[in-house]
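Notes for the one structure printed next.
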Amino acid sequence: MQLALSTWQEIEAYLEHSTGIIIPIGSTEQHGPNGLIGTDAICPTRISAGIEEQADILIAPTINYGMAQHHMAFAGTVTLRPSTLIQLVTDVITSLQQHGFTHFYFINGHGGNIPPVTTAFCEIYHAAGKSVGPAPRCRLANWWRNDHITALAAELYGDAEGHHATVSEVALSYFAHPEAVKNVSMSPDIAPNGEIYDAADYRLKFPDGRIGSNPALATVADGERFYQLAVDALLADYKTFISGAS
Amino acid sequence: MQLALSTWQEIEAYLEHSTGIIIPIGSTEQHGPNGLIGTDAICPTRISAGIEEQADILIAPTINYGMAQHHMAFAGTVTLRPSTLIQLVTDVITSLQQHGFTHFYFINGHGGNIPPVTTAFCEIYHAAGKSVGPAPRCRLANWWRNDHITALAAELYGDAEGHHATVSEVALSYFAHPEAVKNVSMSPDIAPNGEIYDAADYRLKFPDGRIGSNPALATVADGERFYQLAVDALLADYKTFISGAS
Amino acid sequence: MQLALSTWQEIEAYLEHSTGIIIPIGSTEQHGPNGLIGTDAICPTRISAGIEEQADILIAPTINYGMAQHHMAFAGTVTLRPSTLIQLVTDVITSLQQHGFTHFYFINGHGGNIPPVTTAFCEIYHAAGKSVGPAPRCRLANWWRNDHITALAAELYGDAEGHHATVSEVALSYFAHPEAVKNVSMSPDIAPNGEIYDAADYRLKFPDGRIGSNPALATVADGERFYQLAVDALLADYKTFISGAS
Amino acid sequence: MQLALSTWQEIEAYLEHSTGIIIPIGSTEQHGPNGLIGTDAICPTRISAGIEEQADILIAPTINYGMAQHHMAFAGTVTLRPSTLIQLVTDVITSLQQHGFTHFYFINGHGGNIPPVTTAFCEIYHAAGKSVGPAPRCRLANWWRNDHITALAAELYGDAEGHHATVSEVALSYFAHPEAVKNVSMSPDIAPNGEIYDAADYRLKFPDGRIGSNPALATVADGERFYQLAVDALLADYKTFISGAS
Amino acid sequence: MQLALSTWQEIEAYLEHSTGIIIPIGSTEQHGPNGLIGTDAICPTRISAGIEEQADILIAPTINYGMAQHHMAFAGTVTLRPSTLIQLVTDVITSLQQHGFTHFYFINGHGGNIPPVTTAFCEIYHAAGKSVGPAPRCRLANWWRNDHITALAAELYGDAEGHHATVSEVALSYFAHPEAVKNVSMSPDIAPNGEIYDAADYRLKFPDGRIGSNPALATVADGERFYQLAVDALLADYKTFISGAS
Amino acid sequence: MQLALSTWQEIEAYLEHSTGIIIPIGSTEQHGPNGLIGTDAICPTRISAGIEEQADILIAPTINYGMAQHHMAFAGTVTLRPSTLIQLVTDVITSLQQHGFTHFYFINGHGGNIPPVTTAFCEIYHAAGKSVGPAPRCRLANWWRNDHITALAAELYGDAEGHHATVSEVALSYFAHPEAVKNVSMSPDIAPNGEIYDAADYRLKFPDGRIGSNPALATVADGERFYQLAVDALLADYKTFISGAS
């Protein structure tokens, strides 16, 4: 069930049997020579749609922009300031709380969102501690940080999976948008690894945007496998979350 | 050309022949008994996709959440605080400016976004006045405030077009998502009109969420007509904007 | 009755029979070659004083500074950032709410204030929705956007009324401050019309600050006619507002 | 010369011979049983007008609202949050800096404004230290903290001058607005003295709003004497300030 | 009793007999050729430790950074923006309020902290006025603004005590950290006096950082005398404060 | 070399051979029945002092308060809002940048500080990307997340090391403050493990504040071993950092 395609009366009805919601959150940032700028939003959106096919769970519209300051040396990247993203996530949760939602499950596609989104959770909890009403519960599910996903990526690509513009995320985005598959030659095959400081430092060390990956290996077929794994794993995790079991 | 489906190198190439971009912006809010909560994001997204089919213009990911505080008495509505939306729009423009974009054309689906978005434009202009670099140009195109659109709505529905959950926007959203068409009986046929103060006042005066409209009249076929008109009108307006002619 | 000339005990007494207040809000910005920089504050202040002569309504001190970023290319203009004006209006309303005021009627002299002031109203309503106590009611009355005023301006000046540094506002400010009437020659008689982007763009298109007007036509006598019309129209509107009739 | 009654061209001309400006700043707050709520704005406004009569100095419109949180237990008091006042003062200075003003002389009527206004000065200086352009110079002249004023008050009223709703400020406001003189009996003659914490504590200790004063002694004639002294003292201080001598 | 060296159960026990706490607050800023950059934090920290030796009073960890924008032209100075310090002090008080503390006694070492800290107190009071629960009480005790201290400084050093990098504060910091005593020659013996505007103006007028002082006179022995006086005076003042006697 | 015990001239001299600085950052929060509320500040402070003994590295005053919202259900905990901590860290870095420092090495004692501090780094980098001057380099060294430390803790305590109020941190704080060692009986020996949501949830699941640890095992002697390991490891890491090798 998609919030965007529902009426308010349908949401009222949904709230009678569940107060949980899934909110996909991504980023709009460079993903190397063959990765899509929308990768980090596309993956959570597609995974959420897969979950929706299997269970009566409400899916909110995707937050398409995230915190990507360190990618700003590459054209097309858009970044929110961390403070903006904190406010945005806070406003989304606060609005939904007002209608009776209590469990907020964010499916996240981008590592850079973790500090601001978890910070928003802290603020939500802190504010709730001073109010009456049911205590909110928030979780940030980073789809790629999952034993099933990392095991498959290791099996398929070994060291070529990498750390940004990874093969698995490019594959999943290709599965979601096969019309956007790119054939681009890259050199070296596997991008270098390392730590980054600022955006200029990033560009200097990783001139085509990839970190440690060879996304030329990404295929639609592999993407579907990652997608299925992610749907199953996150649906199970959501059910645990909503049941209050952890 | 969609930003989300491009690589950063493709954006670099685009910037060599154009520094303009279209950014759809909507809201996630109640639209009466048969209108979709995502209506205000769906319409600009679909219109932008139509423009993209006709011209080599870059389309950014949709901003799915807007300023909808006055709709908060209806389940499922999500609102950003005005300050959050101002920051969000400012961050999106500022990021794109850094890559060389100069013309920011927002296609908007929601009246409540107008004060915060135009405020963000003021702040962008004010900041730019103290910097070097090309002066940014911003426009907020409210797709429904258009002579062609209002003429067709008047012709088709007369007084039943209304002011919120209008027939035309519901029709356009149905054209975009025919799988979500709802058959819901409403009473009275045409909702009352009037001014609103706060969210409680809204609900009291307009208990099913509509203002002045009879969206039961909305059809996919009508929606397609509004869509075509909007694509043509906004594409023409974008071209004028980008040419600097006004 | 003026708040500034009252004691706190007199305000306590006033609150026993009315919880409404009028707050004049203006701007400090260029108004062309013969218009006063204080025009937008002077007009609401003078109209409010006229209302006070006719009815037992409390008038707050004038907010003399507004949002005028687009006039900053002309010497003497002072602008608040929109966020500052939003906070300022919010603080004024919030303070008065604490004493029991419920109806806040702003008489505004400047179009650029509309987005921030209505945004402040939204925030006030949103906060009130989460508190107990009587629901606040806010209205922004833009004195020049009034059928009586526009009809008289059309009758007297036709196309020369214009859009900034209009004949009617210059006339009204001359009526309020006849000691400040300026005799300045302008060329062309009627300033050009058009849209503006930023402050530099404004100065480029409208080099003497006027938009579409010939304020050389402004006289004290005309100003008095606009003043009388505005007092009557806004007093009537205030009474409707305070009665809760709309 | 008043900014509000000037044209932008007149300000351009003024800037050729002076880059200094006087900005009256007050508060809208209780001043005991016979003191005017506008006292703290009325006094600086009237003193500034007196200075203007004697010298070619530009006077800005009065900032009518200040920081008065501790007076909020008395009806009619309006307070800005300190952060709002800091932003407001910062915006006024920043705007005027852009036109070439360098010396900002605030004539203040209210002790509670001192921390936020001096804080704004610090921020202005700190920002200027990172920019090019002439260094700004700001001064906050608290009209009542002046040897001439305190000597006259001591001579006329001794201990009855007090600390809030003082005889001298009530007298000066009566001189400015003789139509608003109030005859109110007070008991005790001289209000108690003491320290305050919050607004409730203030009301408890000083139930009619006065601290240590007997403002029943205030007369228009005395007010004129304070006015003359203040005009002379502050004009001299302004000249020293603008000359850079201190 | 030091908060940092206690367990939470010990704090629970303390709260059964007292709801007061002392919070030392300093600054990290230049103090002339022989004064320590930490002087303003060292003095309140040492005085608080002395108080703790004499009475069962809880001492919080020191706030080591303050508002020192005007010292920024000297290496090693660190300044918080005033808004940061206001938030910091507000957060510290608000947290402690939640546990039941009601009396917040800040021992301050730096004049520049006074506006932001007292502003934070105003905000705390204002917020408390809208809540239930015991009213908070805050005091800012500036250790050097004390009749005993100023009398001793006058007796020992006369005019050489000065206004920044004073002999007394350097002496007290030497008593606290005898290992850091510096022997530095200064010229002139007594630094000049005067008012300052911004950081550049400060450095120009007071090239070695001192204002009006000859801190070469500072000794550990004198420092101990100031320390003893400050401990006695502030302990007595704290007792009055906590008793509610003023 | 300690910043607090230096003069500004000594800092100028230091900057001639190094532009790096170490900044200890902690928290003031419950650490179970025998752990000190200051543990997270005490450990980084003591480790920094140890580094200072071995190398000519400048140590800034400790930031004693951190982000501890989830510990607020235990008396004595003080938390900064995340936004406050972000501003605080930003101001400290920005101030030091102005004097020529380029490498900012934070030794951190508290996991809850990681999101806000790394967020501050992002903002610093983003701002620097728009300025001239040397690019800043920031690192957050969490002393307990270190192979040497975790290996020793595993060897000494196995599963009893835990996740909050760990044996290792309590031991290190005891080494730093042997006068504050507490003998407290705890039950069960090893506290439970689990995830937390808000502060109330924390208290419910972990009623004495510990997570997974048995800090009764902590000794001064063990603390010294952790201290020595941390000094060696962080000093080596600092040298790598400052050399630009990673």
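Each chain carries a letter (A, B, C, D, E and F) given by its place in the written order, and its residues are counted from 1.
Simple rule for what comes next: a residue touches a chain if its C-beta (ideal position, glycine included) is under 8 Å from a C-beta of that chain, and two chains touch if they have at least 3 such contacts.
Since the structure is predicted, the reported quantities are computational estimates derived from the model, not experimental observations.
Participant: Return the chains common to the contact lists of chain A and chain C.
Facilitator: Under the touch definition, chain A and chain C have B as mutual neighbours.
Participant: What chain lies farthest away from chain C once each centre is taken as the mean of the Cα atoms?
Facilitator: Chain centre farthest from chain C's centre: F.
Participant: How far is the middle of chain A from the middle of chain E, if each middle is the mean of its Cα atoms, in Å?
Facilitator: 47
Participant: Where the centres are mean C-alpha positions, what is the separation of chain B from chain E, in Å?
Facilitator: Whole-Å distance between the two chain centres: 55.
Participant: Which chain F residues touch at least two other chains?
Facilitator: Within chain F, the residues that touch at least two other chains are 72, 79, 81, 83.
Participant: Taking the complex as given, what residues does chain E use to touch chain F?
Facilitator: 2-12, 15, 28, 30-38, 41-42, 60-65, 72, 74-81, 83-84, 87-88, 91-92, 95-96, 98-100, 177, 179-180, 182, 184, 209
Participant: Show me the residue ranges of chain E that touch chain D in the complex, using the header's touch definition.
Facilitator: 67, 69-70, 72, 79, 81-83, 86, 112, 114-116, 118-119, 122-123, 125-126, 128-129, 135-138, 194-195, 197-201, 246
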